[in-house]
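Structures follow.
Each of the next two complexes has subunit A plus one other chain: subunit B in the first, subunit C in the second.
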Partner chain A sequence: MEVSNRAEGLKETYDVAGRDFSSAGAASSRIKRILQQIGVDQGIIRRIAVSSYEAEMNLVIHASNGGRITLDISPDAVTILVEDDGPGITDIKKAMQPGYSTASDEIREMGFGAGMGLPNMQSCADELEISSEPGVGTTLKMVFMNR
Partner chain B sequence: MQYFHSVHLIESKCKGCVNCIKRCPTEAIRVRDGKANILETRCIDCGECVRICPNKAKDVVADGLEILENFQHKIALPAPALYGQFREGTTPEQVITALFQLGFDDVMDVAYAADLVAAKTRKIIQQTKVKPLISSACPAVVRLIQVRFPNLVEHIAPVVTPMEVASMLVKAEVSKRTGLKESEIGTFFISPCPGKVSAVKQPAGTEKAYVDGAISISLVFPLIREIISRPESDEQAVGKAIRTGSGLGIGWGRAGGENLSIGADKHLAVDGIHNVINILDDIECGKLAEINYIEAQACVGGCVGGVLTVENPFITRRRQRMLASSPARQEMTEEQVARMRDDLAKDRLYVFDKPITPRPMLKLDDDMALAIQKLATLEKIVEELPGLDCGSCGAPNCRALAEDVVRGLASETDCVFRLRERVQLLAEELLLAAAAVPPSMGTARNNTEQNETSTSS
Partner chain C sequence: MKLRQVVNELNLEHLCGGDLDSVEVTGGYTSDLMSDVIAKAKKGDVWITNQKHLNIVAVASLLNLAGVIVAGGLRPDDATIEKAKEENVSLFVSDLPAFEVVGRLYNMGLRTNAG
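Now for the complex of A and B:
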């Protein structure tokens, strides 16, 4: 984990391992605790908890080598940056649609793959930006206003 | 005192070990001056520390039988889990009879109120948009949500607990029958746990406490057993309970029984406080949205596993199930059905008159900018701690010590490893200092160059 601290702000990065279901959710748990410590509004914490968990699971399930989640907190906003190095998303518009999923049967049996992760993040976050290049990687940025 | 707690430390017995601090689900205990201090704002009275303490230094302060003297009319409210404590073949009726002989004027079966609450909950599940609802029956779980999962308070099922419903119902009825004022009538919960004892003194969802006292199962157990074992006890039908619960109501005493009694689909039951925490974590992340209702109990096995019970919970769990499924308890008479309908119509009994509010305990500072700064410091401190989570500092883990440090409640050198480093540095400095000889005394220091380097360093 990396930590850096600017005036009034704090940044932490967590590594998320791909395909590691046993420790999946650890980064989101950590993020939840930190937001409680900062005193972020409970409703906002809830939205961030849901979004960061969905994002973390997407790294575990879809990104071949996992990825990184960076939490950036200032009194104005909480930003969550999710990055991975592939395989990328070919059609982002499609991926954002509720119900669209490329998850395998095996993953579906584990209770994932409803195609609801990205749509949920979209409705929870105040801002969401996603960019991806097939074969290279995906970057997802979510902003939650603090007040 | 802001929060009432029934769990206390017996200082003379505490050896200051780390067992309880490591087991506490809300990190509410710190060892200070060799004694395990409980932090009032964090403790949820779950009883984990009572269970784990090898020195029996954690005690639950409940009421003694002398509390009965304060009231003209004394009513026992036996928890369903009481029945399973006795030898196989002992019936709830025998236990109820024994309660009369112990000095109670009436008995109101909490299992009956559980039947009522189950019916109300079934309705609430149909009407609510909140998914999943979490049972409000276990006070340790309710407090856990308030302090550790504050954003889940809205998931707590808005229905008063069976214990309180039983008390309100019986007080009104006995007051009518005897002409006594409700304040002259005392209701006493026979409790399996410290959580309920605390909930009696300081309820979560009601303004005023509706139950007058809480007596532990472990206190009355030997007395009841003695009465039941008397040869004449069968004939002495001293009195009958004002209401008796169905088999399903009695089932509330064990894990899974509440869900069975409510009977709707898409339920989940979880028992054991650390398992409950995992499930609450999942709910916070938006998982389990397909579940309607969660029965969550702090004790493994449910209330039969409460720390104020006496028998092995795995044995009582089976007994509780057998009592619940006994043929005599499956059917209700027409009279019972009618009475239940009447009691269910008393809507006011079942609703919270005070919302259950979050009590977040983790915030580092009220000023968010300052909290962020403190968090940054905290992370730095954590990095410098050894990460062994050994507990020797008196905090449950390294991170908790770092939190205490930024809150001003502890010092980094409370960590024995940090202290050792400090001592080592000090020792090195001492050695250096001992070796250094002032120029006025020395013979070796005739070199000006060396003097310059030593001043510039």
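Now for the complex of A and C:
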């Protein structure tokens, strides 16, 4: 309890480099470690780990200059905010469809770009909001209730 | 069953990570699609795959998998093995095709992990 009180209000932002497959997953690992340290329920940690990993890989794969992931922990909820500066998503509805992907063959050969990232995040998060402007960037907010 | 039993039975080459005698294997999962694995593989699973790049380590670590078996005679490169050491992810290789690895594990009693 003492630990969890200390973490209330904790907010951290991680930079994720575009196209850097060698350190991809580092932000998600850090987020998972923090949640474990403050004693968040294992099932919630799993949902957050899956979602943050998918979001992180999207930054690595798609965002021209990478992006940022912000972890925001309040007593009631864990919020993951993912932001980048482009290229943006032209058709969000399509992007949310399972199986739809704009990833290159090279990315697909690595087992990414199967068009399951956003659907996975949607099924894991209690709330998911996504907004995007082509040429400007994408913002994705996921909320996980801490019950 | 312990990881040691899996390693012995399948004659796996152990590249790095993990204490074979203490890690418990509770199930198995096989897929080469990262999003499929991250969504469905469970804690305690061994993951059988033909992917051998560095990112298998992050997935295994995030999910607390018991280990990763790279099948089909494929070998992860040194960077992947180094990463696995850092994250304490148990990495194995087998010359057997993935189908054969999965079949043998199934015969040993491992199933898809529901939890």
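Operating definition for what follows: the second predicted complex is superposed on the first by the 139 of 147 C-alpha atoms of A that agree within 3 Å, B and C clash if a C-alpha of one lies under 4 Å from a C-alpha of the other, contacts with A are read in each partner's own complex, and residues count from 1 in each chain.
One rule holds for everything that comes next: a residue touches a chain if its C-beta (ideal position, glycine included) is under 8 Å from a C-beta of that chain, and two chains touch if they have at least 3 such contacts.
Because the structure is a prediction, the values reported are computed rather than measured.
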Let me test your reading of the model: by the given contact rule, A:49 touches which partner, first (subunit B), second (subunit C), both or neither? both
Considering only touches as defined above, state whether A:112 meets subunit B (first), subunit C (second), both or neither. second
Per residue count on subunit A, the busier partner among subunit B and subunit C is B
If you stack the two complexes on chain A, which partner ends up touching A:19: first (subunit B), second (subunit C), both, or neither? neither
Between subunit B and subunit C, whom does A:120 touch in the aligned arrangement: first, second, both, or neither? both
By the touch definition at the top of the document, which applies to A:37: first (subunit B), second (subunit C), both, or neither? first
Go through the superposed model and pick first if A:29 touches only subunit B, second if only subunit C, both, or neither. both
Set of subunit A residues, in rising order, touched by both subunit B and subunit C: 25, 28-29, 32, 46, 49-50, 53-54, 120
Looking at the complex, which residues from subunit C come into contact with subunit A? 32-39, 43, 49, 51, 53-55, 57-59, 61-63, 79, 83, 87
Please give the residue numbers of subunit A that touch subunit B in the complex, ascending. 3, 5, 8-10, 12, 25, 28-29, 32-34, 36-40, 42-43, 45-46, 49-50, 53-54, 73-75, 120, 146
The answer for subunit B against subunit A in the complex is residues 150-151, 281, 284-287, 358, 360, 362-366, 368-369, 371-376, 378-380, 383, 403
Complex contact set, residues of subunit A against subunit C: 21-22, 24-26, 28-29, 32, 46, 49-50, 53-54, 57, 110-112, 114, 116-117, 120, 123
